[in-house]
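Residue numbering begins at 1 within each chain, and the chains themselves are lettered A, B and C in the order written.
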Amino acid sequence: MQHLPSTPPIIKPATLLFLVGLLTLVCASFYSLDIQWSLLFTADAVRSSVEFLRGFTPPALTWPFLLKVAQGMLETLSMSALGTGIAFTCGIMLAMPASGRFGAAARWVMRLALNILRSVPELVWALILLIAAGLGPFAGTLALAVHTTGVLGRLFADALENMPPAPETTLRINGVQPMTAFFYAALPQILPQLMSYTLYRWENNIRAAAILGIVGAGGLGQMLKYHLSLFQMQQAASVIIAMLILITLVDGASFWLRRRLTSH
Amino acid sequence: MSFVLNGVSIRHASVVRSNSLALIDVDLSIKQGEQVALIGPSGAGKTTLLHTLACVHQPEPGGEFSVFGLQPWAMQPAQRHALRARLFLAPQTPPLPPRQRVVTAVLAGRLPQWRFWQAITSLIKPREPDVAYAALARFNLQDKLYARVDRLSGGERQRCGMARLLVSKADAFLVDEPLSALDPTLALQTLAVVQQEAVNRNATLVCSLHQVELALDHFPRIIGLSDGRIVFDAQRDEVTETMLAALYRNTPPTEPTKSAYPEDTCWSGPSPC
Amino acid sequence: MSLVVNTAISNHPDPAWRGRITASLIALIVLWPLLIASEFKPWILLDAQSLGATWHFLASFFPPAHSKAFLLLILQATWQTIAIATAGLTLALLSAIPLTLLATESLSVSRLESGRMRLASTVVRQGARWLLVLLRSVPELVWALLLVRILGLGPAAGVLAIALTYSGMLGKVYAEILESSEAHATQSLLKNGSGRLAALLYGALPASASELVSYTTFRWECAIRGSVVMGFVGAGGLGQRMDESMKMLAGDEVSTLLIIFVLLVACADWVSTFLRKRLG
């Protein structure tokens, strides 16, 4: 008589354990938050929400106000562009030690520093930098620069470590100084990749820049907070629409530039 | 005297084989201006020997190694680095960044002579394009002066690597399989240019080749390596068929190793220098 | 030694030089208004008053606050942050799945027949796509701001904000992964008459499962960071704690919270990497 091969377990024990753990986490989360879900969906609550949302239409479109919004858009765009640009330069500088070019100790220290920079959210950096830079978009630019340096520095360092080392090491064998060899052989190899990362990060930063103003760092965020606190819903609606337009524009620009980089 | 080696042994740099020796008990002296060909089967240690001459690998204790009468491994790292500027190592795979322009890649041979700010400004606008042009013209590649390296063919890239050699101001050329991607005619022309340059400057030329006939036809001195040892070191006329057969005993004369960056197995990262 | 870049007139001038000069000029012209609009004045940082304020604030960071009561508070807040992120992501998943099904072209039955989709299905599909775009383009903090006004302060606003934004992100990426995977398996099932959901489960899903899981765990890590940020508008968690501490300029509490942030993100990062390796 033929023996059928024994059926393997439907779920491996390790996976089962993991799924159970996951389910526990999810249930514990909902339970501990103690959100009165039923209250959210009573007729009363729904009605007041709808009324609240109604207050947003039509968005304010008077000419002087639109000018202010345009100015806010320019401020936000500048914050994101400058912050990302500064981070690109600092990221390259910090990536050199972080990729081991100055020894293992420097690598460890620099990677730790970069991790700290990128773990703290941009909003928190903005709050801290407001003390040094005062209210306004400058603090926002710096906050974005600091946080993005952490992100890009780590990505750049990984790119440096993964690239083919031969061009750079050959230059150093032939008597070229390490920094010069870096600019002549390492950077040219990874520059398209670095720029691609940076452009992709710009998409994130335009969103971040838009909201940094909520804590006082200027731009559209500050306008939004201001109008919401005065219950000027229609103006707030315009600001939100402006945010969406700006985000879409930057997403598009970033995508187009990245396409040009890779097709070159 | 360009190079003097006495009882030099080199350990394998890669993690996998670090308990064995890549070069064993090498005794060698090469006079300034000599032209020497290195032949031997794959894995014999030709690349390791060239890297040793380039002051990349430190010999095991007990071996003596001097370059231009100096002891590189008894020097301060900065002095040793200055010594490296007098040696030019051309690896088997041209070490040219793909998206760089030929002019910058070739002028990189001048970097040891330039200050840092000169090097950086040359990236933006090449300092001595005429020098690069003249070097490329000797290989008939002058039209490629402003082209991108990754748009060149394999043979053209190899000759660009040689153009970098021409542009450098080294007193010794250490060249690893420079003709592997070239057809026979181009190979002869390229070799002639390199050898002529060595004669013009009275520079020492140590060249590893897998084309034994080329080596015998064009180099006055032939060194045969196998399994990390020097099997013979003779003038061209003294090399016999028997000696060659013994050298390639276990392996038929093969194509050179085509791995992407073979020298990576010798050079496993920045050494403290 | 020449002081200028290259004074000698070369026989072989660089064809790219002109373009580089032009590009640099354009960059400078674009840079100027950016600097003005963002009030970029680095010298402010070195102003005596701001230096004093910064120094004072940084000095108050040491030693970090470590009273038992405060640490307990932080522990609760950390758990609340994780809970908000997990609950929000779960809701996002639940709502992303129907949206993905709507938006994925490879599940279109009508396309099988004519090679093109019926108009109605196209409209529905495009509608679903645009909804996903809207959901993920509005920054989650803006959702949180609005929801706080509707639902009041507290974690509910945070959970819903994450649910809304992330359903957009998850939906888009799921659709992309499902579409980029082998359409052949799904198509064959649909051709043989299976329902859409079955085609999804048996055709597209097995191939893309590890990618989907990988992306979801990556998003969970992002959701944790996001829920920290949302605390600043009153949605609970560590962010709210930090907002209160900053308002009081209590540097010691701020420094403890910063350390906890960094550790939390590092842990989430580690868990996410671990999961991706095990399940990938």
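Operating definition for what follows: a residue touches a chain if its C-beta (ideal position, glycine included) is under 8 Å from a C-beta of that chain, and two chains touch if they have at least 3 such contacts.
Since the model is a prediction, treat every value here as computed from it, not as a measurement.
Peer 1: If every chain is a node and every touching pair an edge, decide which shape results: line, ring, star, complete or other.
Peer 2: Contact pattern: complete, every chain touching every other.
Peer 1: Which chain would you call central, comparing Cα centres to the global Cα centre?
Peer 2: Of all chains shown, the one whose C-alpha centre lies nearest the global C-alpha mean is A.
Peer 1: Can you work out the whole-Å distance between the CA centroids of subunit A and subunit B?
Peer 2: The separation of the two C-alpha centroids amounts to 47 Å.
Peer 1: Where the CA atoms of subunit A average out and where those of subunit C average out, how many Å apart are those spots?
Peer 2: 6
Peer 1: On a C-alpha centroid basis, what's the spacing between subunit B and subunit C, in Å?
Peer 2: Computed from C-alpha means, the inter-chain centre distance equals 50 Å.
Peer 1: Using the touch rule from the top, collect the residues of subunit C that touch subunit A in their complex.
Peer 2: Of all residues in subunit C, those touching subunit A are 33-35, 37-41, 44-45, 50-51, 53-54, 57, 79-80, 82-84, 86-87, 90, 134, 137-139, 141-142, 145, 149-151, 154-156, 159, 225, 228-229, 232-233, 239, 242, 246, 254, 258, 261-262, 265-266, 275, 278.
Peer 1: Taking the complex as given, what residues does subunit A use to touch subunit B?
Peer 2: Touch list, subunit A to subunit B: 101, 164-167, 169-181, 183-185, 188-189, 191-192.
Peer 1: Could you please specify the touching residues of subunit A with respect to subunit C in the complex?
Peer 2: So the residues of subunit A touching subunit C come out as 14, 18, 25-26, 28-30, 32-33, 35-36, 40, 48-49, 52, 71, 74-75, 77-79, 81-82, 115-116, 119-121, 123-124, 127-128, 131-134, 136-138, 140-141, 207-208, 210-211, 214-215, 218, 224-225, 228, 240, 243-244, 247-248.
Peer 1: Tell me, which parts of subunit B touch subunit C in their complex?
Peer 2: Touching subunit C: residues 101, 103, 121, 124-127, 129-130, 133, 145-146 of subunit B.
Peer 1: Applying the document's contact rule, which stretches of subunit C touch subunit B when the two form their complex?
Peer 2: 5-6, 10-17, 20
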